[in-house]
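Both of the next two complexes hold subunit A, though its partner changes from subunit B to subunit C.
Presenting the complex of A and B:
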């Protein structure tokens, strides 16, 4: 497939670098201020190495306008711009442009899937292309496609550890007996936490992922999309990890337990909160690992753990989606 | 899809019972001596409850001949007869009949996929239908489809605990400090082990699953199937758990370890043997749980654990495959 990659952060760049290995061709790349588009007439394509180097050295991906990438002749658009809430722009419009042109769209950007799932499904219904978004939930973990394969009507709940930064902090607090502020500073030094860590430590990121899963469950189980309940971040009950004292983790450890930030989605509720889990239990993944537990009607509980973030890991999920659409 | 279910053991019966819930219709069921086939003219279908009750009470599924089920008007044949080695008959011929009629085939029977993978792929290449076999590896765990989604060329190895009976025995030996023979007798009482446990405790069952995974990796990564290496049970290096003394588990426990029967497949090797693993590590699943670890080129390691056996669990995998073929 010919890909237009919108967004040149870690995920977008990894998609550009790995596409060829998955048998796809990148015909356009855009960041917020520039683009590079393959020239169909001269046959000159987009050189992954040139794009990535130029982005690193000059802060742009090419000499074209970002709009040119949206207008390029691609089969699938990869939306990998930063997640925005509310109207989920400009990501939503990028996806709409692709679908209205009867092309496919693959999202790594959580905004449109968490905040405008109904609008997205309406666009899919009205046009020929498909939409996939495995990369929005749990990085390399195939959460969405596994739920789809089991079929949403046979999944009663999906829960798990869906934010590596919060999990890293909780793991270190428990292992070293340190307080939140101390471990946060360490995580920031290591690049595991952002300068403003709110999105991760307040549970917003995990909540967006659970909202997406709730939408998959709700729309997937409904006979008619009009009957499905649509979820947005506003429907999520969210509590973060800022206020967990080190003493709580010490107390938990005395009882063979620890604390994890657990998100849970059903077709009716979304909740993210710190919860006590068994120290050596399945949910107690360490460091930046993520885990997803899928509760099924007929096949018991399925646990999938792996790397929940990272450029190549998330790009693998994007390229898996491209393969499924091909 | 209209299904013909060949084999009326635990898996076949569960497929018959659950098909309707997954939106499919059972038009024929056969066991080794009888069959029931829907009558297209009168519109009378196959009643799941009647079939299952008759099988339990009278040992037959209906008044028709097994051959009638193979000749029925189905879209997909479900091969759920017991696994046989070598020529993998009669399962292989059932699948061939379906494919030569340009129908799909879904296998829960490991024989044809482990022993005659090349023949199976040749039939798929020459006919219109597809073949899937998720249920042959790890019950409810989506091992095969996850490898396919990642793409076999990007998977360097697949390993895991793939036999619940052997794992139950090792778990109990470690937990209770008992010897193999004692725990085996207990497992037989509980119905977790067969009267003749060889297939499970000698590693044959785990090896067949690894052979199947090796074939998926080898054929999936090859540009031309003619270049792919075909694996059979004869290519597997297999060691079971009969000879593990209780003292080994006690010694391992002193060092925070335990023993698990680990199978591993790459595109070049298949090996099954008892191995030391960390007591609380990912591979140390308990009881009859199974786990599959997938090593990827770009997305790190993915762990999937869940129920590795059981009628409804395995039937869910079968019906997931039917969905993927639809």
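Presenting the complex of A and C:
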């Protein structure tokens, strides 16, 4: 398929670099201020290496206007701009543009699926293209497609560890007996936590992923999308890990347990909170690992763990989606 | 465990055999693995008029917390049985099951925040006062003294099927005192 990649952060760049390996061709790349678009007449393509180098050195991906990438002749648009809340713009409009042109859209941006799932489904219903968003939940972990394979009506709950930064902090606090502030500084030095870690440590990121899963469960189980309950971040009950003292983790460890930031989604509720789990239990993944646990009606419990973030990891989920749409 | 193991009684109050008002009771205890604990657990039974019948001491079968489950059968009247269970609890012995009243569900949870400034003993007694819960064990960690945030691990015993209600009750009390609760994942062997 011919891809237009909107967003040139770690995920967008990895999609550009790996697309060829998956048998796809990148015909346009845009970041917030620039774009490069293949020209069919002159035969000039998008050279992944050139784009990535130019982004690193000059902060732009090419000489074209971002609008040109949206108008390019692609089969699927990859939306990999940063997640925004509320109206989920400009990501939502990028996806709308693609769908209204009867093209497919693949999202790595959580905003449109967490905040405007209903609007997005309405656009899909009215147009020929499809929308997929595996990369928005758990990075490389095939959470959404596994739920779809089992069928949302036969999935009673999805829970798991969905934020690597928070998990890294809790893991280090427990292992080293250190306090939150100390471990956060270490995580920031290692590049595991951002300068402003709020999105991760306050549980917002995990909550968005659970909201997306709740939408998949709710819309997937409904006979008519009009009957489905739509979830947004406002529907999630969210507690983060910011105030947890080191002594809490020590008390948990004395009892063979530990604390993990666990997100849970059903078709009715979304909840993210630090929870007590067994130290060697399935959900107590270490460091930046993520895990998704799917509770089914007829097939018991499924666990999938793996890397929940990272450029190539998330790009593999994006390219898997492109393959499903092809 | 039934309290009528001596045969099908015609009258529930008269099934013991020896004393017409006595019946056989079973209590299931969890003892700390330390010398003298078993004797300490038997004393309240004997002191309150219980007639010991058998002791099943599962020394090799520890609970995840390293405690030893012990099952004690004894004869006592209904009134004395109540007094015995009360005396055991007063002595700090964990009673997991007493006769037919079964604390089937054990819940471990953590609390953190200003536990001491907000009167921990009041917090605990209010949790105890909530209908279905008994506080079996409390561990407190206050490394920064009373001024800073401290943590507590609580082991609660709830009647069968009432774990969720017990956790909800703890949450309500915690919210009022601006404490945070780290609850276990309900129904998930995580």
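In this section, the second predicted complex is superposed on the first by the 326 of 326 C-alpha atoms of A that agree within 3 Å, B and C clash if a C-alpha of one lies under 4 Å from a C-alpha of the other, contacts with A are read in each partner's own complex, and residues count from 1 in each chain.
By our rule, a residue touches a chain if its C-beta (ideal position, glycine included) is under 8 Å from a C-beta of that chain, and two chains touch if they have at least 3 such contacts.
Predicted, not measured: the structure shown is a model, and the values here were computed from it.
K.L.:
Counting only touches as set out at the top, which of subunit B and subunit C does A:262 meet: first, second, both, neither?
P.N.:
Once the two structures are laid over each other on A, A:262 reaches subunit C alone.
K.L.:
A:326 contacts which: subunit B (first), subunit C (second), both, neither?
P.N.:
Neither partner.
K.L.:
Now for A:248: first (subunit B), second (subunit C), both, or neither, which partner does it touch?
P.N.:
second
K.L.:
Per the contact definition in the header, classify A:59: touching subunit B only (first), subunit C only (second), both, or neither.
P.N.:
neither
K.L.:
Taking the superposition as given, does A:273 touch the first partner, subunit B, the second, subunit C, both, or neither?
P.N.:
After superposition on chain A, A:273 lies in contact with subunit C alone.
K.L.:
Is A:86 contacted by the first partner subunit B, the second partner subunit C, both or neither?
P.N.:
A:86: touches no partner chain.
K.L.:
Could you tell me if A:298 is touching subunit B, subunit C, both of them or neither one (first, second, both, neither)?
P.N.:
first
K.L.:
Give the label of whichever partner, subunit B or subunit C, reaches more residues of subunit A.
P.N.:
Of subunit B and subunit C, B contacts more residues of subunit A.
K.L.:
Now for A:282: first (subunit B), second (subunit C), both, or neither, which partner does it touch?
P.N.:
both
K.L.:
Looking at subunit A, which of its residues have contacts with both subunit B and subunit C?
P.N.:
Of subunit A, residues 282 contact subunit B in one complex and subunit C in the other.
K.L.:
Could you please specify the touching residues of subunit A with respect to subunit C in the complex?
P.N.:
Residues 159, 239, 243-248, 250-252, 254-257, 259, 262, 273-278, 281-284, 293 of subunit A touch subunit C in their complex.
K.L.:
Using the touch definition up top, name the residues of subunit B that touch subunit A in the complex.
P.N.:
14, 18, 21-22, 139-142, 145-146, 149-151, 154, 280, 282, 296, 298-307, 310, 312-313, 315-317, 320, 323-324
K.L.:
Flag every residue of subunit C that touches subunit A in the complex, lowest number first.
P.N.:
Residues 64-65, 108-110, 112-113, 139, 141-143, 148-153, 180, 182-185, 188-190 of subunit C touch subunit A in their complex.
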